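Got some structures for you, see below.
Two complexes, one shared chain (chain A), two partners (chain B, chain C).
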Partner chain A sequence: MILRIARKEFVELARDGRFRASAAVVGILMVGALAVGWEGWRDISREHARAEADSRERFEGQGEKNPHSAAHYGLHLFKPKSSLAFVDPGVDPYTGISVFVEAHRRNEVDYRPARDATALERFGDLTAASVLQVLLPLVIIFLAFPAVAGEREQGTLRQVLSLGVRPRDLLLGKAIGLAAAMGIIVLPAVVVGAVLLSRVGDDAGAAWPRAAALAAGYLLYLAMFLAVSLFASIRAKSGRSALVALLGFWILNTMVAPRLATDLARRLHPTPSALEFASAIDREIREGVDGHDPQDERIRRLEEELLDRYDVDFVEDLPINFQGVALQAGEDHGNAVFDRHYDALWSTFDHQDAARSALGFLAPTLAIRSLSMGLAGTDAVEHRAFAEAAEAHRRELVRLLNDDLATNGADLGFMYQAGPELWGQMPRFRFEPPPVAGTIARLGPSWLALGLWTIVAAAAAAWSARTLRID
Partner chain B sequence: MLARIMRHEARVLAADRSLWALAGLLAAVVAYGALNGASWAETRRAALEAAAAEEAARFDELRRRLGSPGDAIGVGALEVGRSSGARYAAMPPGLLAALVVGQSDLLPSYVKVTTDGRQSLDGADEIENPTHLLTGRFDLGFVIVVLYPLAILALSFDLLSAEKERGTLALVLSQPVSLRQVVLGKVLLRGLLVVGLAVAISMVGLAVGGGASGPGVLARAGLWMAVVAAYGAFWFALAVAVNAMGRGSSANALILAGIWLALVAVVPALVNVAVKAVHPVPSRAELVQALREASDEAQAEGSRLKARYFEDHPELAGGDVDADEYAVQALAVQEAVEASVRDIQGRFEAQLARQQAMVDRLRFLSPAIVTVEALQDVAGTGAARARHFAGQVEAFHESYRAFFRPRILRAEPIGPKDLDAIPAFTFREEPLPGVAGRVALGLAGLVLPAVLVGAVGRKALGRYPIVG
Partner chain C sequence: MLEATDLTKSYNGHLALDRLNLAVRPGEIFCLLGANGAGKTTTINLFLNFIRPSSGSARIKGLDVVEHPLETKRHLAYIPEQVNLYRNLTGLENLAYFAALAGHREHATAGFLELLAQAGLTEEAARKRVSTYSKGMRQKVGIAIAAAKQAEVLLLDEPTSGLDPKASNEFSELLVRLRDRGVAVLMATHDLFRAKETGTRVGIMKRGRMVALLDTAEVGHADLERIYLDHMHD
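Moving on, here comes the complex of A and B:
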């Protein structure tokens, strides 16, 4: 019975010109967005890989010089695109692409692509994710709002129920029919997406579980919209009021809530200004964390300590190169300062994002947004993982160079020079995105919000089917 | 007659509780948008003040050093020009900045200017949670472009269809009035209400938020109101035209919601895709590489560049001046690097200018794009003012370097007297006529479609089936 209802619903939709038109438009937009996204993804991935190889080559191609000069020469690291960024580019346009790695300083990841775009970028890019998050729910509303209300207004509901169809079966049948119709719209994009994903290259293996989780998330989200639409269709006085209420729900979710969350989160947890942030770091590096331990003083103490330990009277008599040790001590001090400030900054961002997640329980579109960006590897947390990995690489590189200066440069001071063999021995940077299990777990609140909404909406629809009004 | 229709309509609307809810909601979002915009403008002002304070403290410290016996002959020009004497070039928030956040959260409004190369001006991003940048702010710009049309459509999607469905339309028209008059009365009343509410609350927000004083503020406020009114007129015209097709309320709501989504979200996104495809901006990765390559080459040829520099600047060689050879080489290298990346750097600006030109043409495809650009222009938070600022920063950077260059080359220290002569930046506001001209073109892009759609609606009203 249920299947028969589903078939009737599906056939009716398939014969409806409005359905065909919207299916065509949305289907084309989604496939087009995937294609455009993938092309951009491929170009940028290649460019970044090429630029990073070039930067490394230049680093290794430095002639004979002091290892500390090599650390100052530094190298650029480029953020690799995550495999699923072509589905949901997330915050990629608003985070930098390249970071300069050098001695003493932790640099920001620079060059936000959105700065090289017009104000149109701020309307939101056309991406597969935005079609799934914004357009498809609207199509679901358009198709599903008359499901029950329409039959009620036409008087066919009475006839159907007089045949002895259980209201719940009717509802389930309609839901299946509508879901099948939606499936037809999405299918081409899923196939195209899968084909493109299989051509991603080396990282495809790690990308599949993420893609599967992403698909599960969107399935939940769209099912939620279907359930809410059916619920409204059952309960509303008329088809018109069902439609108006659903449009209101959709607007609040997709248009209002995200921006509401932005300003609210900023108000609760203000972001420090760049100037404030940089000058606090500068001051603490120069004057010590408490402001009473200047750099010269720290170096003098280190010198005394080393002279004592090796039991010599002059720095020149040390079996190690004092400059190397002092430089590394300066690095260690700086790194502790960087850690403290960046941890505080990240935790501000975390709090802001937590406020956003909390609002996700009220507006499920917020939940799917974080879920989608997180799984695609394009949210702020994944960007931070890159920034931290780059910083870890910087520290390792600088430490190895300082160590070499300290151990091999013994009595030469700054006159010591190393050569290309040393530069070649330096570890290569390879960014491994966080493992998928951790990402899925970290997005717990969003899963929960989405799951709860889907369950509650489905239950509400099923429950209101029991008290179905015939007219 | 029109007044009487409006009075009647007002009575009918006032009896409907949903109108009050809608008006309250619109007032609330406009007020919240104004509040957010004002607090953002305040944040930006505070950031600029902090920068000015940091600069003042640095100069005080420099003055103190120059007064002390140890540095009596002065501080090296290179050190002053590179760090202790750096100046901030700052663009104050626009006169109406409280109204639209626009691009001001993305494009820097202050730059630290030193004697370093041209590329040192490019960095300096403000710290921000990228999710915030992606999502955008709840400011009046968003409220006007996205939510305000919805309020208009919610009030007028069933302008005629509702009366027809209730059967009251025939009654109304049994009076000696024409359908067009009735529609005009309905639209005018709703227009006064929605447009009036939006304009009034945003102006109150502007007055309360502060920061809005200075020459041209009234003219800008006038432009703002004109844009808001013209954008509203377009949506009313659209609602009338859709109603005039004679479908039911649900169909009207569907059609209008579809058009709204297309114009506010889909068309801008498609135009963005087209603009980026036709005029792709090169990757910054390429610029990073080019800079590296240029500076490697220039460093390798340092002594040759230095020799050539001396040839080009005969006043430095020989005579009674004592040129600092290290500084000459550093400067020669810097200039060589700048010269070799000038082309690639120019490509970014040129492509971006082409993109902007294409957006300026294609914006007429969607009143939402026209309105966003116009509102940002009026508020002074758009790309045009940022470009205007960037141009001034570049010119200032040149004059700043011109001040230090001879002193660095001749190894002349900076003394207490020179301190006040170090160039300082003053922002010159964009001339109002230019802004007004751009906004006027935008206004034309709103009024023309509104008139066209209105004319189509008016014509269709002549065939409107009053019953059945």
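Moving on, here comes the complex of A and C:
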């Protein structure tokens, strides 16, 4: 019986010209968004790989020089595009793609594509994620709002219920029929997405579980919209008022909530301006953490300590190169300052994320946004993982070069020179994105918000079907 | 088979139906006559449990329709004044859908076409989408839907409105055949002539109350009309 209702619902939709036209448009948009996203993803991935290789080549080819100069010469590291970034680019356009690593300084990840974009592009970003988050719910609303209200107005509901059909069965059948119609719309995009994903290369193995979790998340999200639409269709006075209420729900969720949540999170947990942040770090490096331990003083203490340890009177008599040790000591001091400031900054971002996650319980679109970005590997947390890995790489690189200066430089001081052999020995940067299990787990609040919304909406629809009005 | 006991429905103090008592036995066609707003449709809606009685009870095969909303509907078929169908489906598909929802094993297409033909719809028309149908054609599909259900109780709310005289006559013949098979029929109608021709009993309703109950065998056409009009005048 339920399947018979589903079949009729599907046949009716399939014969509706409006449905066919919108299905074609939405289907093409989805496949197009994926194809465009994929194109960009592939080009950028290639460019990054080439640019990083170039940078490394230049670093290794810098000739004979003091290792510390080599550390100043530095090199560019690029954030590898996560496999699913072509589905959801997340915060990637705003957080930068490349970081310059060098001695003494922790640079920001820079080169933000959004900076080069025109104001128009900010609204016109067509990504698979935006189609899934914004457009498909709208399609669901338009398909589902007349499900019950329309039959009530047509008068067919009287006849169906006079047959002794259980209202819950009717609702379930309609839900299945509508879901099947949506499936037809989405199917081409799913096939295209799977084919593209199988071609992302080395990372495909890690990408599949993420893709599966992503699909599950979107399924929940869209099922929630279907349940809410059916609920409105049952309860509203007329089909028209069901549509108005649903469009209001859609606008609040997809248009208002994301902007509001970002503003609110910023207000609750303000971050320092880039200038404040940088100058605070500079000051602490120069003057010590408390402002009473200037750099010169620290170097003098280090000198005394080393002279004591090696029991010599002059720096020149040390068996190691004092500059190398002093530079590394300065580096260690700077790193501690960086750690403190960056930890504070990241923790502010974490609080902002937590605030947005909490708001996801009010507006499920916020929950799916967090979930989608997280699983696609393009959210702030994954960005931080890259920034931390790049910083760890910087520290190791600088330490190895300073150590070489300290141990091999002896009394030559800055006259000491190393060659390409040493540059070639420097470790290569390889960023491993966090494992998928951890990502799924850390997105717990978003899963919970989506799950609750779906369950509550479905229960509300089923419950209100018990007292279905005839007219 | 069909039984109303002190059945009452009031909306905000206005009595739409006032202590109706009636019983329709198998093989009987009970016609409800009366002006618009006399309570005929309210009575049928109460038997369908589409509205809840304020007091009293409606029973089908001894079961209270409020307590057994699904089971009582299994025994009845209903034709509204305006049969509404799914516009994007053909008449045949509409019939097949409603028959399936009624819980009957799927008839073969031939069986459905036969039912539609009996109701007066040609095969050619049956295979067209309902959006092209006239009111009379939709009504015929409604009759076929009711026939397909093979119910023991028929609830008819001015079922022949919009039918041409020939189709109306065919419908009356169908009703008589069903009556002879032991179906209990409750029909609201404006058509005194049909009520006298096919009905076994006639109830005249006015402002929610049944003001007269007649055996059609015992009154002539003219008598029925006179009695009806007498009641309509105050």
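Please note the rule applied: the second predicted complex is superposed on the first by the 470 of 471 C-alpha atoms of A that agree within 3 Å, B and C clash if a C-alpha of one lies under 4 Å from a C-alpha of the other, contacts with A are read in each partner's own complex, and residues count from 1 in each chain.
Note that a contact is a pair of C-beta atoms (placed from the backbone, for glycine too) under 8 Å apart; a residue touches a chain by one contact, two chains touch by 3 or more.
Quantities reported herein were computed from a predicted structural model and do not represent experimental measurements.
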Please work out whether A:Arg301 is in contact with chain B alone, chain C alone, both, or neither, and reply first, second, both or neither.
neither
For A:Arg466, decide between first (touching chain B), second (touching chain C), both and neither.
neither
Contacts of A:Met1 with chain B and chain C, given as first, second, both or neither:
second
Of the partners chain B and chain C, which touch A:Ser55 in the superposed model: first, second, both, neither?
first
Between chain B and chain C, whom does A:Lys237 touch in the aligned arrangement: first, second, both, or neither?
neither
Chain touching more of chain A, residue-wise (chain B, chain C)
B
Looking at A:Arg20 after the superposition, I want to know if it touches chain B, chain C, both of them or none. Which is it: first, second, both, neither?
neither
Identify the partner contact of A:Arg283: answer first if only chain B is touched, second if only chain C is, both if each is, neither if none is.
neither
Which chain A residues lie in the overlap of the chain B contact set and the chain C contact set?
none
Could you pull out which chain B residues touch chain A in their complex?
29, 36, 39, 43, 46-47, 50-51, 54, 102-103, 106-107, 123-138, 142, 146-147, 150, 154, 158, 248-250, 253-254, 257, 261, 264-266, 268-273, 275-277, 281, 283-286, 288-289, 292-293, 296, 348, 352, 355-356, 359, 368-369, 372-373, 376, 382-383
Residues on chain A engaged by chain C in the complex (per definition of touch):
1, 4-5, 8, 11-12, 15-16, 154-156, 158-166, 470
Sort out for me which residues of chain C touch chain A in the complex.
48, 50-51, 69-74, 76-78, 80, 82-86, 88-89, 93, 97-98, 100-103, 142, 145, 149, 155
Okay, in this complex, where on chain A does chain B touch?
29, 36, 43-44, 47-48, 50-51, 54-55, 58, 76, 78, 90-91, 93-98, 108, 110-126, 130, 134-135, 138, 142, 146, 239-240, 243-244, 247, 251, 255-256, 258-263, 265-267, 271-277, 279, 345, 348-349, 352-353, 356, 373, 379-380, 383
